[in-house]
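Please read through the structure below; I'll follow up with questions.
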Amino acid sequence: MSADSALETITARVRSPFEGPNTTGNSNAFWTAFVLAVVGLFLVPAVSPGHVSDLTLFMSYAFLALSLCFIWGYCGILSFGQVAFFGVAGYTFGIVGINVGAETGALLGVVAALFVATLFAAALGYFMFYGGVRDVYVTIMTLVVALVLNTFMGQTAGSEWAIGDARLGGFNGMVGAPNRAIGTGSVAIDMTGDGLYYVVLALLIATYLGLRALVNSRFGYAMVATREDEDRTAMFGYNTKFIKLAVFTFGGTLAGLSGVLFMFWSPGGYINPDVFGITAAAMPVIWASIGGRTSLLGTTTAAVALQYLDQRLAASGSEYALVVIGALLLFVILVMPAGVAPYAERAVDWIRDGVSAKLRGDPESENENAPSNSEVTK
Amino acid sequence: MDPYQLLNLLFQFLDSFAVIVLAAVGLAIIFGMMGIINLAHGEFILVGAYATVLSYHRIGLPLVVAMLVGVAITTVYGVVLERLIVRHLYDRLLDSMVATWGISLIMIQGVRILWGNSLDGVGTPFGSVSYGPYSYSTYRLVLAGIAVGVLIGLYVLFARTDFGMRARATIQDKETARSMGVDTDRMYLSTFAIGSALAGLTGALYAPTRSVGPEFGQEYVVEAFVTVVVGGASVIVGTSMAGGLLALVKSGATNQWGQFIGLAAMLVTAIVAIRLMPDGITGLLEDWRRARRESE
Amino acid sequence: MSMLAVDGLAVSYGNTPVLRGIDVAVEEGEIVGIVGKNGVGKTTLIKAVMGLLEADAGTVRFRGETVTNPDRYRFEGTPIGPLAASVRQSGLAETSAGGVVDKLVGPAPDVPANGRATRGIGYIPQGRDVFPDLSVEENLRMGETINAADDDPLYDVVYDYFPILEERATQDAGTLSGGQQQMLAIGRALVGNPDLLLLDEPSEGIQPSIVQQITADLTRINDELGITILFVEQNLQVIQNLATRCYAIDKGTIVDELGPVDLSSRETLAEYLAV
Amino acid sequence: MSVHDSTIKTTAAVDETGAGTNRILQTRGLVKRFGGLTAIDDVDFAVEEGEMRCLIGPNGAGKSTFLKLITGRHAPSDGSVYYDGADITDLDSYERVDQGISIKFQVPSIYPELTVRQNLRVPLQRVASRSEYDERTEATLEQFDLLEEIDTVAANLSHGQQQRLEIGMAMTLEPDLMLLDEPVAGLSIEETEEIAELLVELNDEGVAFVVIEHDIDFVASIADRVTVLHQGEIFTEGSIEDVRADPEVKRIYLGESGEADAEERAGPEADH
Amino acid sequence: MSDRRLSRRRALATGLSGVGLALAGCLAEEGDGNGGNGDGGNGETTGTTGGDDAPKIAVLEDRSGNFALNGTAKWQASLLAVEEINADGGVLGEEIEVYDPDPQSDNQRYVELTQEAIVDEEVDALWAGYSSATREAIRPTVNQHDQLYFYTTQYEGGVCDETTFAVGATARQQLGAVVPYLIEEYGPRIYTVAADYNFGQLSGDWVRILAEEHDAEVVDEEYIPLDVSDFGSTINNIQGEDPDFIMSMLVGESHTAFYEQRANTGLDIPIGSSTTMAQGYEHRRLDPPALTDMYVGVNYMEEITGERNEDFVDRFYEEWPDAEYLNQEAQNNYFSVYMWKEAVERAGTFDQEAVIEELEAGIEVEAPEGDIELDPATHHMTHHMRVGHADENHEVTFSEEQYIEPSFLHEVGCDLTEESEQTQYEPGEYYDEA
């Protein structure tokens, strides 16, 4: 009994930074399921090698989804142009990688890509938030930025559009970023196949947990408060412009990371201006809306699930594939306005209540499953 | 620059102005009055174009009649969609974007399934005006006239009629408007119908100038959104001023440095305009108006 | 026949009941107040009478016509089996073959807020809520529809009461001061010559001098135009100066009815305002 | 400006109050124009440390605007704001909060979708460490009689509870100067009395207040001094008794004679 | 590759043989029903012959999105070829399965589906993509797996890749047919209007090279972003220059508006092109006289005369009665499927390396456009090039055929039989004029 409670204290302590009212899933049951899911994902290459490549790609997109969830769901900034940072990072990775070459090129490429994406987001964020651009205007402005990049990169076909050895390639895209391995000197990590899969998966889990900790931290509260009421929050002494800038900038970094991981997946290190297009730009918004924009896990899952579904429908060759996707979006928005996550959570609660009702007489287990709001903030 | 080239510039400006205004005005009404961002706006234009071309070719109606049919069908289509879907999205700005994106996907592919990848073209009427070595499509100049006419018509509708007054009251305070006897539900429906009709008109008018296929509407979307945002809250003033500004930049830059620079210049202007005028041109005008009132 | 009769009105927000069966009757020509402290449901009552909130139960009758009737919801889908034929004959409902109520034919369905306005109820919301970007004149024109008898709009009367509105006719209503906006809100409801005026806290946020003035104006409107008034108020002075009769409301129910004698007693009133 | 405005100027007693040593807040020549409207016109105003000052005046007199100039929500068109002797005119809102100014807005401005606990956490985490959160949250809620509602979503609180919560949140920051915009609007008499007691208690602890309020009885129950604002200018300043007794104030604002306010009817601006 | 096949097809098409008719009907049905899952129904029939090793090809062509207009016919013609082959006994006695998802004109989707085709479906040959951007998007994947890949669109040229067979006509072949012809007919002053991306810019380079070779001059050139559809300023610019003819390498639906606007403005300067009519059948879709005096260099159009082509067209429309047009690329898909079959049969195996070896040994095809030949060194085709001309009623006539080799890659020294490469050469690197 005492060993049990000691164990409980330890798990509670381990869990506590990741929990709080700003995230859903703050119970033992959730974490058990989470650990099982992670274990399941680690087993995929062994169990179902056919899904590794697709899952790698979709999980790379998940960082883009997380970036939007972070800035939109938690700070109220709806960027319709997160792909701008994705694409800028991808191109930067390619340009640096091609010029430096090999594993070192990939390493420098990653560093440079994240740096440039972050800087770009910071510059754009400063331009917008310190200039009083708000709400839906932020949304449209970010979209226009992505479209400008789309237009611009599309016409860089000529040989004059080269940075060092890297030809931008216009509409046809840029090819040849070294993406098979990353490292320096004699140390290199294989970034193909299963190797890449594990890298992306580990990063995704780390990012997810990191964001959970972040949104439940002091800064997380400041973000949420800014989302809820910017003026009020400023009157508690928070520099809300800076908070938005910081959030947007970090969102840019995450989107950039997504772009970099995409480049590692992309066969031949290929990228083209479609990444800035309006279709690409809409995808993260759709993931977040469907998954539930205030749920990190919901958005991530929606990104992977929707990309998978989308691809399967396309692979079926049916002419109704896009009709089905469109209808699904409509259905979710009309029937589940806050996205699937809150409903999923409610369904889980309902099932759990049913189970704990059956287990009645065992107060221990009931206690454990009780809504953990109060337990969390302690 | 010789006078002929000035005339070129003027015509190109009018041409851009017409495209931008006609593409944007329906969207502006729906966005400005109802807080719905209709990402399927391009597909409303598509409906107008398809209805026009199909009734012209398959039924054999005269072009003008076919265009009216196009407008009518788009209006009906808008009304049906409003009843079924859009009215659940009022006051849900961002959700409306995702839902209408879904509508857009369904419509583009639906049109493709129903009528294939392309419709037969309808020739552009009227021929051209010649001046010196140059000529310009008369029809496209007529479109500029129609664009101005639409703006004036809307101004009259919204500023001078009881309907317009009620519509504006509904936007400002829906609940109070209802308690003043306004059937706000019907008001929203009418507004959406007007927005749809204007989108249909755009489709009908441009069907003879472009190749009509399922992606027809997509060509207008970017310009429409940029214009609406640069224009700001007031539909008519905002759309015409933003249309004027963007058309000037686009046609001027295109004339001087080619199509790519023209397109890029327009987008960059939009970004700068939003940054300098977070409430759009209308917001800026509002400040001027207040300042003038002060000096009186 | 009462001008306004509210019977057993119940309204809730989500699962939280706010009104739990309110009975109120207002006779023609009366000025009736609803008093009670904050959060007891006064505004909810006014809005439900106006039709801006949906009632869960009970009815609102205006000049004898039932404008709200939540009961109609209860019968749809109800199996009535052998009674089906007689129900159908009664003309109250359509029934399907299985003896299930498909559609209620009568009594009349809910009249929405705009329908109640056109039947002659003028509404002056809490916080005035003039249309800020409409001109003063347009704001008044918006009120023309509150007109059961299709009389000519009472611009002369309104401008006589509130001359400032005529002076500012072309100005945007949003540029008026708070007191002027309150005058506009009253003028707007008045212009269509309504039978009943509903006022929601006319004194809130208005400086005391203007409050007194508006109180006097309302008395005049009632006196000269014979318009019945039902108002919600927390300001003790306004209640005393304006009301001929009062209902005290607490926790969603009517707890007392106050006649002139009670109203003259500051203590009795204060009790209900600060229960 | 009309004739009687000049008489107002003579009755105004802006800098002749004699106080001058411990001013926590002072404005000099403060002007705010919105387009054509001059909302605040050359206002010199000062509050002593630990003072309880009430600001009254007709609607549209510029009271809320004035508060927003002090908090930095609006930038003044002209003039300066001093806090604790330092010029804070160019500081951002949040920087002024760090100096010790706190505000409660006119419309209850809480975070409606967050629980009471989460609401309090926002200001709390600026001044307390994680381990103190629960203790201090409960202490504050105890003080503001909201302990039972600790896990209620703020939108579901009653109006009075929301008002109290907002004051509680503002007080959490332990300000030296607290600005309250209509703290008892829409409250019952009982609640109003409670708030009055609370403010007096906090004031006794040394917090200076600037309170905008219409409820003259409430003002009388708390104020050390009262400033009357009219048409963007300081009309008069003094004890509540003096102000109440001032016939001009009665005429423009209190209106106890019950006579019509001719000026308001004709419009306050002099251009008619 | 023999007359035997063609005669059998003719029998099916005309319904002379009762058995053949029944078979054809059955196949057509299956083809229709299988639009969505090409491997579904066939899986069982081939199960008896080859089990999991049944030969399979991937046909990734767009049936939705931007390029559906071009891609649909490519997909239809590929399936037609496969069905004919299967009806005729298959390849090496085995029926061919088809993996044919719809990439929806999305390059990212192409990459995913190409991977799936190669890794999961283990296809023996791949046909994929309309635009050169698509080709470039999937070529790394193709190269990574040494996948035999047929790219069938007419394109800018220059791809020299060991496993890729670019069987469409190149810019040099098309423009080489039409530019000299127009210089001869109308004069030496050329105005180039082209899509502002790789294809357009390289084609513009080729116009300049060809102009130089024929003592003509490009007086100005304009590159138009793909989503531009208002050409007022472009038309004014052309009028200002008053060239002898215009070379248009405009691409996509937006650009089609240029022709409408040209006609409406009364700009009657003739136009040469490598992109109109043969792919997007503008002469059918646009209202005459939009394409008056449009000259296009093509290796195939539905309208070319000759019994072999008429027969092909009949079979195509019998299989796909709702098809909109049988374009140049569709023909390329069609003949290249037969070309692959021939190579497989010569190799006696589906093994891709062996098949490529056979292809590189030189192969001749009786294509609907005429008898053509694969150039082993460059993996390109020697095509029958024609200049198609549309009159004011959009009636198309063809000038005399020329047999043009893919010479550019020879000039740059691409010889895949000698040296493995995976590059794309550009004219700018070899010609001063470009």
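The chains carry the letters A, B, C, D and E, assigned in the order they are written, with residues numbered from 1 in each.
Basically, contacts are C-beta pairs under 8 Å (C-beta built on N, C-alpha and C of every residue); 3 or more make two chains touch, one makes a residue touch a chain.
This is a predicted model, so every value here is computed, not measured.
The set of chains touching chain A and also touching chain C is given as B, D. Think of each touching pair as a link: the shortest run of links from chain C to chain E has 2 of them. By number of C-beta pairs in contact, B-E leads when C-D and B-E are compared. For the pair chain A and chain B, the distance between C-alpha centroids works out to 35 Å.
Computed from the mean C-alpha positions, the centre of chain A lies at a distance of 44 Å from the centre of chain D. The distance from the centre of chain B to the centre of chain D, with each centre set as the mean of the Cα atoms, comes to 47 Å.
Between chain B and chain C, the centres computed from C-alpha atoms are 41 Å apart.
Annotation for chain B: residues touching 2 or more other chains are 109, 112, 222, 260, 263.
Residue positions of chain C in touch with at least two other chains are not found. Chain contacts: chain A has residues 151, 155, 319, 321-322 touching two or more partner chains.
By the touch criterion stated above, chain A contacts chain B in their complex at residues 78, 80, 127-128, 131-134, 136-137, 139-141, 143-145, 147-148, 151-152, 155, 278, 282, 285-286, 289-290, 319-323, 325-330, 333-334, 337.
Residue ranges on chain A touching chain E, taken from their complex, read 50, 53-54, 57, 151, 154-155, 157-159, 169-173, 175, 266-270, 272, 274, 279-280, 311, 314-319, 321-322. Residues 37, 57-60, 156, 158-160, 182, 185-191, 214, 216, 251-256, 258, 260-261, 264-268, 272 of chain D touch chain C in their complex. Every residue of chain A that touches chain D in the complex is listed here, in rising order: 21, 218, 221-222, 224-225, 228-229, 231-240, 373-374, 377-378.
On chain B, the positions that touch chain C within their shared complex are 162, 165-166, 168-169, 172-173, 175-185.
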